[in-house]
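The data blocks that follow each hold one structure.
Common to both upcoming complexes is subunit A, partnered first by subunit B, then by subunit C.
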Partner chain A sequence: MGLDYQLVLWNKHKKTYDKIIVFSMLLYVILFAIVTLAFNSETSAETLIIRAFGSLAIIMLHIILIIGPLARLNTNFLPILYNRRHLGVSMFIAALIHGGFSIFQFHALGDTNPVYSIFTSNMDYGSLTNFPFQVLGFLALLILFVMASTSHDFFLGNLSAKVWKRLHMMVYFAYALIIAHVFLGAFQQETSLFTIGILIIGFIAVASLHLITAFKERKIDTTKANEKEGWLEVCDISEIEEDRAKIFTVENERVAVFKYDGKLSAIHNVCKHQGGPLGEGKIIDGCITCPWHGYQYLPNNGQSPPPFTEKVATYELKLDGKTVYINPKAFDEGTEVKPCKY
Partner chain B sequence: MKKNDEFYVPYIDGSLGKKTKATLKKFTIGVFVIIIIGALLFSFTQKPFKNSTFELTSATKITGTFHESPYPMLRVEIAKNTYKNILLLGFGKSSVNPFLKKLQNEIKDLNGKTLHIEGNLIYYNGKTLIQITDEEKVTLANTSKTEKPLKELVSKMTLQGEIIDPKCYFGVMKPGKGKIHRSCAVRCISGGIPPVLATTDKNNMSQYFLLTDLKGNPINSDILPYIGKPSEITGIVEKMEDWFIMKINISGIKELNKKSSIY
Partner chain C sequence: MELIINVFLSILGIYFAIGFLFGLYFIIKGATKIDPLMQDTKKKVRFLLFPGVIATWPFLIGKLFKPKTV
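Up next, the complex of A and B:
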């Protein structure tokens, strides 16, 4: 957690993560260049750059897109999710080099504005095979630019987690545009079963991991709960591990029911930072700690410990024997609720 | 979900447990494997590039007879009574005309005059072009008129091929044809670079035809929708020494629903 905004809050793991990103990108570009120059030496430098960075960007995008569902399916992947924004910005840089060189190469130094030229040099919008594929890539680059430029916590804090999340969900629209850009562009001319195959496998991996995750998550939201005098039955107390939580859905909102120090407390499941699942977090030093970036909340009032100011809604719990019940009516964010003792 | 007893918190030293570390190690190795396979596949599967040349960093001075019909060229004697007509091009995606303006202000009609031109050569498959980037590099060698190349009528022909911009196709870009390059070719021809029909026969022999309207005048903007697509074109073909000229009616161009087969 950070109180002031800094360009990057460096730590040892972030440095290692970023070194791996830079090394991987260099490895890709150098390998691509060596193979091209060794076996296809008549290439031009601009074409080599455009192709190396374009193909690198699309591979990086697939890796970025599988991190989310992998972390949902196995918490061991969470540290990769933690620094995903650096990977996203690096991918944007690769896409920008590809797009920048392409726009200069194909549209600059002509009789019209290069951006206007992207949209008007090929007017076959009604044809699939002749479609102006560069428009698709340009729109994807704009989305990636908006995402990369707002990836800092400053924008996250000022736009609100909800708006920020919606903005960054546009990555899926960008992905669709990029796939169409490649299939209607490069693959129309540079047809190879291997490269088409690798992108199809990539799409299947991204889509199937998201579907498996969605299917598993849906189970949480569709579990029918028994009602008793306006209270909903959550579970037997033994089903909740010490210092951990059970996620339960009330009135279409997920709630995290935590068990700690002989007490039970319930707060809204969504972290105010990036929407992380607090119910998959842990009580550390008496605070509910988000598994994504370590943001913390006090279990009894849903408030981040001072000087932090984040607040989430709280819920009332009761015990009937060993069964935990929840009042589905949420209290206002940061409302003190006496923990239920057992 | 597969839960882990370990709980990583970025700002707590030592919170990265053994199981998590092992998973991260496997993931990183997986990423390296994907990076290597990706780089090999995307680089190995590129189609071969042709051996066209653009001398971007070196300038060459040529001397010959200027003629501008149908497009500005310099007729250079490369051996005794053997001439090459070098197509003159401007900087970037533009016509050579702005670079001739200064000299034309001094001598109104440059046709038939001997000029020195210094620029960047572009050449491939017997054709040579030159990019001029500085009007000061176009100078008059002598004012006496010399003969222009003769045009001989060949016949009316129907040919299949692709309309390309010669600047990119003959060396500036690789590949300088097809869908990927179409936007660039449109910009070049729109900017005043002559449209050329490139054809390749069954024996892989290529021919190039400078396209004009039926009266032999330059065509640029009207032909833009047909650039970079396999097409069938009918026209009157003339031979002008080392170039063919094809006089066409643009509305008669037929788009072919097949893959480009030029080169």
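Up next, the complex of A and C:
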């Protein structure tokens, strides 16, 4: 949140997060080098770098892809989700080192343009076992470049949230290219069982977690609520944790019903910043805090605290005994609604 | 196949070349025209945004010609 753009939006938590990322990356590369040299002491420095950063990028990409669904299934994973943007940029740097060294070692030492050489040094495009797999890695790197270079609020604001989201959903296409890059490469080069193993386990984890989350969300969206005099039954009040929310679908829109300080408030579930699920966040310092990037909204009016200007729609709640009911008609964004006391 | 590769890489090259020129314009002058918030933003942020501007220039160039709304 800001009235101008910062180089990097850092706070204490994000700095800690970034230190952990850098430390973990360095530790991985060092351990990878030690293990590789222990088994094959003749491995060249270039090969070591290419393999260490390639496998590191793949592991990081898997973490990036699974933390979204994991955080939806278990809120304990939310702290990892909180700074996923920096994790993504770090992953791109690892992939760039892998790609850069590969291009240098295999394509830059001749008299052909290195990029042209990637596409033409092996023209066996019709073959499965001899397919020029490096092309796939190059295309994946291009996609990751677009994503990493637009990981700043300036682009979110100026490309529009819709375009930005579409660009960043291309990560799944990049993931498919990377899987093909590694598997097709395995037919032609000495690829370790470790890398292939990570890829198979990773793919199963990514696919299954996305499917489980999709089924869970479908259940939320298709659950028929009981209606009582125009009000829809949400849940028993005890089902909502303190300072947390229950997500409920009202007229095809997801609403987050928050419980805090003996009160209940409901706002639209979608954060104005990047479409983050507000209902998966929690109340911090009296504000609903988006789990993705920490954007905040006041629960009673859906407005970001001044001087910020983001607003989301609000909803009216009522209690009947211990049952929470919601008025399905949304108020305009930023409308004050008296919290329901219990 | 070689023809397809040549066409693809030529388009890619032209795209990034235009993006690079647009990126230079963005750093020197265009940033504040695209987004008023850039006026109060430190100059070094423009250099950080440079690669992204190269990558997404077709989306940003249109903002230069859109009438400003108050």
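Just so it is clear, the second predicted complex is superposed on the first by the 231 of 342 C-alpha atoms of A that agree within 3 Å, B and C clash if a C-alpha of one lies under 4 Å from a C-alpha of the other, contacts with A are read in each partner's own complex, and residues count from 1 in each chain.
The rule is simple: a contact is a pair of C-beta atoms (placed from the backbone, for glycine too) under 8 Å apart; a residue touches a chain by one contact, two chains touch by 3 or more.
Owing to the predicted nature of the structure, the values given are computational and were not obtained by experimental measurement.
Student: Looking at the superposed three-chain arrangement on subunit A, would you call subunit B and subunit C a clash or a fit?
Tutor: fit
Student: Answer with first, second, both or neither: which of subunit B and subunit C does A:G100 touch in the superposed model?
Tutor: In the superposed model, A:G100 contacts neither subunit B nor subunit C.
Student: Looking at A:S121 after the superposition, I want to know if it touches subunit B, subunit C, both of them or none. Which is it: first, second, both, neither?
Tutor: In the superposition, A:S121 contacts subunit B only.
Student: Who does A:F145 touch here: subunit B (first), subunit C (second), both, or neither?
Tutor: In the superposition, A:F145 contacts subunit C only.
Student: So, A:Q188: does it touch subunit B (first), subunit C (second), both, or neither?
Tutor: first
Student: Of the two partner chains, subunit B (first) and subunit C (second), which one does A:T112 touch, if any: first, second, both, or neither?
Tutor: A:T112 contacts subunit B only, not subunit C.
Student: Subunit B or subunit C: which reaches more residues on subunit A?
Tutor: Touched residues of subunit A are more numerous for B.
Student: If you stack the two complexes on chain A, which partner ends up touching A:N158: first (subunit B), second (subunit C), both, or neither?
Tutor: After superposition on chain A, A:N158 lies in contact with subunit C alone.
Student: Would you give the minimum C-alpha distance from subunit B to subunit C, in Å, for the three-chain superposition?
Tutor: 13
Student: Where on subunit A do subunit B and subunit C both make contact?
Tutor: Residues 123, which sit in both footprints.
Student: Flag every residue of subunit B that touches subunit A in the complex, lowest number first.
Tutor: So the residues of subunit B touching subunit A come out as 1-4, 6-13, 16, 19-20, 22-24, 27-28, 31-32, 34-52, 54, 91-94, 173-175, 178-184, 186-188, 190-192, 225, 229, 260.
Student: Where on subunit A does subunit C make contact in their complex?
Tutor: Counting only subunit A, the residues touching subunit C are 3-7, 115-116, 119-120, 123, 125, 145-146, 149-152, 154-155, 157-159, 163, 167.
Student: Flag every residue of subunit C that touches subunit A in the complex, lowest number first.
Tutor: Against subunit A, the touching part of subunit C is residues 1-2, 5, 8-9, 34-35, 37-38, 40-42, 44-45, 48-49, 51-52, 54-56, 59-60, 63.
Student: Which subunit A residues qualify as touching subunit B in the complex?
Tutor: Residue positions touching the partner: 1, 11-14, 20, 24, 27-29, 31-33, 35-36, 39-40, 42-44, 46-47, 51-52, 55-56, 59, 63, 72-80, 82, 105-112, 117-118, 121-123, 130, 132-134, 185-186, 188-190, 192, 194-195, 198, 216, 280-282, 284, 289, 291, 293-294.
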